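Two complexes, one shared chain (chain A), two partners (chain B, chain C).
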Partner chain A sequence: MKKNIVFACSSGIATSTVVAEKVREHCEQHGIDIDSRQATVGELTGLDDSVDLFVVTSDVGGGYKTPVVNALPILTGIGEQEVLDHIVSLLKG
Partner chain B sequence: MTKKIMISENAVFTELEASDKEEALKKMSEAFSKNGFVNEGYYASILDRERNAPTGIEAYDYGIAIPHTDPKFVNKDSLSIAVLKEPVIFNNMVNAKETIEVKVIFLLGLSESTKHLNILRQIMELIKEQGVLKKMVEMRQNELYDYLQEHLKSE
Partner chain C sequence: MGQTIVDVFQYILSFGPEVMLPIIIFIMAIAFRVSFSKALKSALTIGFGFVGIFLVLDLLTGSLGPAIEAMIDNSGVNLPVMDTGWPPLAAIAFASPIAPIVIILTIVINVAMLIFKWTKTVDVDLWNYWHFAFAGSLVYIATGSLIVGLIGAAIATIITFKLADWSAPYIHKRMGLPGISLPTLSAVIYFPVGILGDKIINLIPGLNKLNADPESIKKRFGVFGEPMMIGVILGIIIGIIARFEIRNIIELGISLGAVMFIMPRMVKILMEGLMPLSDAIRNFLQKRFPDRKDLNIGLDIAVIIGNPAVVSTALLLVPVTILLAVVLPGVIIMPLGDLPFIVVPLAMVLVATNKNIVRSAIIGIPMLIVSLYFASNLAPLVTNVAESIQYEFPEGATSMINSFLDGGNPVRYWLVMLAQGNWIAIAAIPVILIVVWYIYKLSRRDFDENGQLKE
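Take a look at the complex of A and B:
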């Protein structure tokens, strides 16, 4: 079954794209088929509870029903593998 | 053919003295405007963006920031980098309430979002390697300039 991910950052185009490429690649390697789109932080409220995961590189606040993963480690490399594995386990779980 | 990203020598700063991020970004923006690379709204828009969507990141060894803004303020693609003498405070990209002491600023002046992506990707790939930032911080101005010219391509 396809998993739906929304990648969000402040512009919806910059850091979220860099992160989306990495996550997509990692999910494919783990046999997870994903459908993804990118969004700005402001759009998340409207998308809440409609997808499997939010992967973010901006401050999005809290209180969402959809699980939120902070993807900054994917940009800095510090703890990158852990975050990628965490995303996979959330999608598989 | 791979084109090099435009980095002018006057936009590469080492031991930049600034008491806060506004002063650092002003000096960097001035290097752009002196070269005619950005229009007059650029600096204000950078500060505005930084207030609403901060770009401070805790990387290996040092805090960095990657300020960028709307392409409409940019005439010609360029990158400015500043290694600060003393760190300045930025807010954390993923937790705006948190502050980060930033030692290296990568200021992007790019006219198309696709170029933002490309250069952002390259900067992140570069600093993801442990030790690279430390090396950059210790470089002299001309060494840093050469290093960036060598490692960053515009496409």
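Take a look at the complex of A and C:
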């Protein structure tokens, strides 16, 4: 079954593109089919509870029904694998 | 034989960037051990990104150009330079013959500075190397000397790393990003400006107590946060001032809205294509310094521009910028493409003022004025650089382009003036050094004896 992910960053373009590519590749390797879109951080409130996961690159605070993963480690490369594995486990769980 | 090689070389150099750059990126990707198929795919993607950016640029110059000419003829508003926004400048910078050398040079400078402990920043953000390449290509076209161009790029790189180190502790604490620094030239050079402005405002009674609530500003000025709305509204206003008939006014609004909406998507294609090389360079840099726990990973300014305080300050300054461009004598650029990116230079000011919106907006106004003037003065040179990579303007377009933020960047402007032997630029060297040193000393008071930032 397809999983819906929203990738969000401050512009909806720059860093979320990088993160989205990495996550898509990692999910494919683990047999997870994903459907994704990119958004600005400000749009998340409107998208809450409509998808399986939010993956963000800047601090968005709490209070969302949709699980949020901060993907900054994917940009820095430090702790990248852990975050990718965490995303996969959330989607499979 | 020698002549044949020169001919072949000349022939290859005469290709447009959408052909040249994929070849260069492919070779670099292979050199950094990216797999063949991935290197090929990403190189082609970059070429497509170029095609896309220049298609949208054609739409912009083709629709806005005649309107700006009519506006000059039919009203007193004389702003003949089109603000394309930074994406075409980035494309031009990556397409300039100096860019591949600048990429390598930046890596070499970064590694050397890390070895000698002159910087703590590991700049893994290949995308933003375009800022250095753009500095280099401006100086190169201004002087005709490749070496001087590379020196210009190198100075821009070193300044950026030093400022990224300086601002890093503030970013760690105030933006909650430990282990990160932000070596984005277009933002980080305004950090000292923010620190100085903050200290000055501290001394002004009344003003030093003010702040504003980001949410209420967002509600009132939110429309300026939508690039497409900026495009549509400005298009309609320019159409009216140009005394177009109603049909053409609406068409211009739709065209400019489309430019603002589509351009970032084209940039995305370019960025996707750069990713495998960017990853390879990141791994290359990180493998070199596994034991240095004191280092910061240098990322794009984008990781902090989502902060509500940054966004709201920038929203306030969008109408201010348009007003400034219209009323200031000597400013000849019509702000458009860079309007959604006022967040970039302001982000570092917000860091310096600890997210105070009122202070940052006040500090932002002189910054914007300077940027508008420098962008006006640099427009002929930037247009020359665009033409040097074979970009041809559509028929009927006014002939000058620039972007008012990245094309008016004070550091790049200063480097160009230095390279041209401008005596004011040369005389400014000791002044700038003393002022920046003084600001640095001022900022040290923000730290306690253990080197921790006090709040």
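Convention: the second predicted complex is superposed on the first by the 93 of 93 C-alpha atoms of A that agree within 3 Å, B and C clash if a C-alpha of one lies under 4 Å from a C-alpha of the other, contacts with A are read in each partner's own complex, and residues count from 1 in each chain.
The rule is simple: contacts are C-beta pairs under 8 Å (C-beta built on N, C-alpha and C of every residue); 3 or more make two chains touch, one makes a residue touch a chain.
As the structure is a prediction and not an experimental result, all values here were calculated from the model.
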Using the superposition on chain A, tell me whether chain B and chain C clash or fit. clash
With the two complexes superposed on chain A, say which partner A:Asn70 touches: chain B (first), chain C (second), both, or neither. first
State whether A:Asp59 touches chain B only (first), chain C only (second), both chains, or neither. both
Using the touch definition from the top, say if A:Thr17 reaches chain B (first), chain C (second), both or neither. both
Regarding the shared-chain residue A:Ser36, is it in contact with chain B (first), chain C (second), both, or neither? neither
Clash check vs chain B: of 205-213, 223-231, 241-249 or 367-375 in chain C, the offending stretch is 367-375
Taking the two structures together, which residues of chain A meet both chain B and chain C? 9-11, 13-15, 17-18, 41, 57-59, 72, 75-78
Chain B partner contacts - residues on chain A that touch it in the complex: 9-11, 13-15, 17-18, 41, 56-59, 70, 72, 75-78, 80
Where on chain B is chain A touching in the complex? 49, 52-54, 57-60, 68, 92-97, 113, 116-117, 120-121, 124, 127-130
Along chain A, where are the residues that touch chain C in the complex? 9-15, 17-18, 21, 40-42, 57-60, 72, 75-78
Which residues, counting only chain C, touch chain A once they are in their complex? 124, 127, 175-177, 179-180, 225, 264-265, 267-268, 271-272, 275, 278, 282-283, 286, 297, 299-300, 302-307, 311, 343
